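Next, two complexes with chain A in common: one pairs it with chain B, the other with chain C.
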Partner chain A sequence: MESPLFDIKLNNLTKKFDSFTAVNNINFTIPKSSVTVLLGPSGCGKTTLMRMIAGLEKPTSGSIFFEEHEVTRVSTRRRNLGMVFQYPVIYRGTSVKRNLELPLLSEGLEKQVINDRVHKVAELLGISDSLNKLVEELDNGTRQKIAVGRAIAREPNIILFDEPITNIDINSKLELKRSLKELFGRLSQTIVYVTHDQTEAMTLADQIALMQDGVITQCAPPSEIYSKPGNQFAGWFLGNPGMNFIDKKHLTKTDSTVGAPTLFSQTLRVGARARDVAVLGIRAESVSVSTKEVSGAKPARVLRKSLGIGGQYLLDLDYAGLVIKVRVSHAMGREVSDKVWTTVDSDNISLFDENGVVV
Partner chain B sequence: MTNSSLEIRELSKSYGSKPILSKLSFAIPSDDFAVICGKPGNGKSVLVRLIMGLEEADSGKVLVRGEDVTNSEPGSRNIGYIPQTFALVPHFSVQKNIEYPLELLNASKEEKAEAVERVAELLKITDLLAKKPEQLSGGQKQRVAIARGLAKPTDVYLLDDPLVGLDFKLRERLIDDLRVSQEKLGVTFLYVTSDSLEALQLAKTVLVLANGTIVQQGPLADVYDNPTNISTLDTLGFPEANLISGEVKNSVFESSTFSIKTNIKGYSGPAVAGIRPESVLLGKSPDAVVLKAQVTLMENLGSEIVSYLKVPGTMLKLVVSRTDNEAIKALNSNELSIFMKLPSIKIFNKQSGQWVGNGVSLV
Partner chain C sequence: MVSQTSAKFEESLKERPKKRPDKNRKLSWLLLAPVLAFFALLNVLPTLWMLGLSFYDYTLTSYKAPTFTGLTNYSDFVKNEQLSASVSRTFIFLILAVIAQTLLGILIGVFFWKNDKMPGRRLALTLFFTPMVVTPIATALFWKLMLDPTFGVVNYMLTSLGFSRTDFLTSSTLAFPTLIVVDTWMWTPFMALMTLAALGSVPKAELEAAAIDRLPIWRQITSVIWPHAKFILMLGILLRSIDAFKTMDLTYIMTNGGPGDTTELIALSLYRFAFKSFKLGYSSAVSVFLLFIAIALTAIYLYILNAKKKAEQTE
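What follows is the complex of A and B.
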């Protein structure tokens, strides 16, 4: 859809509710024509941040720019945004077509333009066949699509989504997700999307801005934030299970190397910051497991075995008091009994300092 | 069975003319972590209420520690109960909330202190004991509720979907803590859930509840690998299994997606082919069902990617690892083929749900 491209700049943005700081001095640029997902646990400030971008919440301090225009004190109506909320905002008792037309009528557009837009939006969302249906006839996933249609029909510069899939029933969730993914690929607007669901974020985002306690702790494309977490929180929050952390007491350090001799035999060449390393992070799937003794591999006792995604086995392994989770194939998992030997590829180990920040 | 902690014999319950549970039976040995997994609306809550004695069965028996308690008062059954909702007393401290069930049992001060210390440590809430419920987050409240249930000194606990509604990361931590708690306490847990991933991660023994009865029960890995009922395949597994409707005639399964010869003997009629997402593989292979496919969505779970593929007549789910670069490249190409090995295609009687055979060769 044709539209001028806008980026969003947040300068020293803070929002306090009495003594509680919901958003804490955020400096951040949301690139134009991309999908940025604000992801984090409940209470991290993601919704407050979006509401300030929308003009629904007044910042305590700081400023917001759309391109070079400051909008901090501009009303929501004049920010030229589309918004989609948790529950579909639609007019009941009217047709799908009417629902899509209404926001355009108030713009004073010509009839033909309105008609073209409605059909274009319906096509984008795959609801062309439902245009003449009453909204009551549709499941709530399709109703949410209409709400999305209403938001994009005016062709705003920026479209904001506040957990649009969270309250949609399970049977419609997948189709809505699929539809949004396809839509995002075809729209050129700047999209900001809030969710607490990591799978949704990883599936839909061009970049994920991960939030914790009112700040953005890392912003990166999904695969990067997963494989190269910028801090321990990112390592823990993304993935099922989250990253394993190996703390100081299991580490051996020199001025330039770090090792964890109970877990792997190699030493990691870290360079000047070796002494700063306080925690190692290893993903469950980054540990190679063998049921037979292999030279250079470390032995571990199998504490627990369970099943996970796609039939893979999750093992809780005990290396003389150090317990980590590893993931193995279904076939391998079946073979595993009480002892295994493991290795870890050096490239797949993250290093964090005392504050949990990647070294 | 005398060594069962909990045994249910032919339990039935109807509401008016609507049967909820019909002749449901199972037995759980002591020290087991048993999980009843069933889709929503399958009568899980009713079963829980019957076991606890909060409702009366139409027929059948409930035995706890080998003793028939069908007609006993709830309080005399001596089962620890962990509910779905927190139900904490708002003006009591966390400590007092945990002690409360013990107070009703006239426990001594020492017994109460010992119990609180033990469960607070297991659930990692020692630093919350002095707080009031309103000062806690949702996850902390549920930890307290679980601790309160476990504080009751007994050897059989019923956990009624205690993690429902908690967000994903809180659940991940509690799953670990529940497993460790059961092991350390050396007691029997019967855990009821509709979340497949929860069942897979918690269960030693799994019981699949469908159509008001337990359709399959056994060690988790055995049940997962050898589903004898379509409901087992459908209920237990993440992502959910692929199900394709068709018809069996002269041992041939026919559908609009594929037709194959099977080892089915003595059944003809409507059938469903079930294939786990991990048994749908990328590429081509001789002696396998090969289909052209089109990707409609790739869901990124971090370590895995679930792909939803359009194939003739249906949609199939497939799982690949994020580190499998070749697979990811293939999924992004226009020309995509998938294959399913014949023995991994399991056929079920559509009406009864019973497993009737597997694929053996191409037609």
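What follows is the complex of A and C.
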């Protein structure tokens, strides 16, 4: 599907609702022809940001550019966007085919072109068999597919997705997510996708823009944002469980090294950064566990053991009052009883300063 | 083991609720009793009494005992040209008034809906809805005063603009349209309110999607607004129709059916038969006819409500 490719540039974008600042002075560029996921907890301003891009919400201050065209005051209909909403929006009393056709009819396209596009989109989304069905007869998952189909059939420059999977029943959820993943691979448009679900973000994004309190705190590809969180919030929000944080009182520092003697024996060579380190972050899977005593490893008491997704075990380990969460393989998890010895993979440790920003 | 346990569990489920419905049923009848008694006494009984009376020749002032005359009252009613004219006049009144009120109400409703951030919107809405909450008798009285040919404000304005004095309520050509205008003045706010409610039932996301999909306005109306708004709007039209069919206060106060019988609506005729001539048998027959029309309109009302419920269930 071809259409001109647009960067979306946000300059000093702010949106206030009375005294509440939903979006706070954001400067950000959403690169063309990529999938950017705005990820963050409820109320962080991600949906408001997307609605401003769509023109459904007016910014309090700042500007929005599609490539070099300023669109801040341009109406929604003139922005040439596609958008999929949180609740499946369908045009009632009509067939699936008619729903897909409606946006195309106003574009002044030839009948044959419309027909071709409708069939192509239906095929892409796997709803060809339902084309002649009334939309009311369909489940929410299929309805949302129709909404997606409507958004892409017109071949707009930019397509926005506002938590499209959130309100879909669990059975259709996985299938819809799979369809979207496949679809995003084929589309060349600039796609912005809002979600609070990190798995969704990890699956679909080319880059994740992590939002907190109306600000984008970090933007990076999924693997990078996970392994190298830019701040403590990113470390905590991504990952299940979130990153373990070891604060200052458990750390020992020299001019160029940092250690956490309660947890592990090694010292980390971090150079000049050592001066600023206030918090140390360790992912649950960065801790190696053994049930037999290992020289140089630290002993820990197992407080809790639970079976996690994919058969892995989650352990709550107590190091003389310091508790951290650790993920181990199924086999190891079964073996674990009340005491383990652990070492930490020092390459996968994150260091943060007093303000929670990575150093 | 498992199947046994689950079978036992299922049995226990079957057993448990048995006792409850009886208790509940008794209690529900007990709670319903006062309403049912009230309804039977004040609604069912008088209706049945009226139905019975419609087969009798019974005039209160004649000192004669009621005599059974079968369908005579009904055949008299059908043959009575004045009454048939009154019925058709009522329908014309109903159709014209409801159309005018609906069109104006939609226009005003859409205006307030589109301008939801207009300063003074609340005050404007409150003032605009005043006619609807004024007692119809009062409305009729002050319109009668305003339209008075000698000291009415309307004629004062007409003459100051250079027009001749017009007696709206005694002119055989103007009295009927004037009644429609006054009724429209009184009830347009109701239709505007229904329009606002109807438009309020359209999900915001669907309107936004229509803007995103760049649907032209007429397509927005047919594909997004109408499917949601139609139920409330049709209910409004129907309620207004039922009410317009019963219009009595306006004609009674403003024209008393005149001049001649140009503004004689069926409810006024019925009033005359029942409470002026005291022809109770005959007026009961007319009432039964009106009752059937009201039932027909109510049936449509219930049909629409049911359709709305069905549409909501498919969501």
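Assume the second predicted complex is superposed on the first by the 359 of 359 C-alpha atoms of A that agree within 3 Å, B and C clash if a C-alpha of one lies under 4 Å from a C-alpha of the other, contacts with A are read in each partner's own complex, and residues count from 1 in each chain.
Rule of thumb we're sticking to: a residue touches a chain if its C-beta (ideal position, glycine included) is under 8 Å from a C-beta of that chain, and two chains touch if they have at least 3 such contacts.
These figures come from a predicted structure and were not determined experimentally.
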| item | value |
| --- | --- |
| Partner chain(s) touched by A:15 [first = chain B, second = chain C, both, neither] | neither |
| Broader residue contact with chain A after superposition on the shared chain, chain B or chain C | B |
| Partner chain in contact with A:327 - chain B first, chain C second, else both or neither | first |
| First (chain B), second (chain C), both or neither touched by A:97 | neither |
| Chain B versus chain C as contact partner of A:83, first or second or both or neither | second |
| Touching partner for A:145 - first (chain B), second (chain C), both, neither | neither |
| First, second, both or neither for A:106, with chain B first and chain C second | second |
| Which of chain B and chain C A:136 touches, first, second, both or neither | second |
| Residues of chain A at both interfaces, chain B in one complex, chain C in the other | none |
| Chain A-facing residues of chain B, complex | 137-138, 167-169, 172, 179, 197, 200-203, 220-221, 224-225, 237-239, 276-278, 296-304, 306, 308, 319, 321-323 |
| Contacting residues of chain C [partner chain A, same complex] | 203, 205-206, 208-209, 211-216, 219, 223-224, 227-228, 311, 314-315 |
| Chain A - residues contacting chain C, complex | 54, 56, 75-77, 80-83, 85-87, 89, 91-94, 102-103, 105-107, 136-137, 147, 150-151, 154 |
| Parts of chain A lying in touch with chain B, wherever the complex brings them together | 41-43, 174, 177-178, 181, 196-199, 202-203, 222-223, 226-227, 236-242, 283-285, 304-312, 314, 327, 330, 334 |
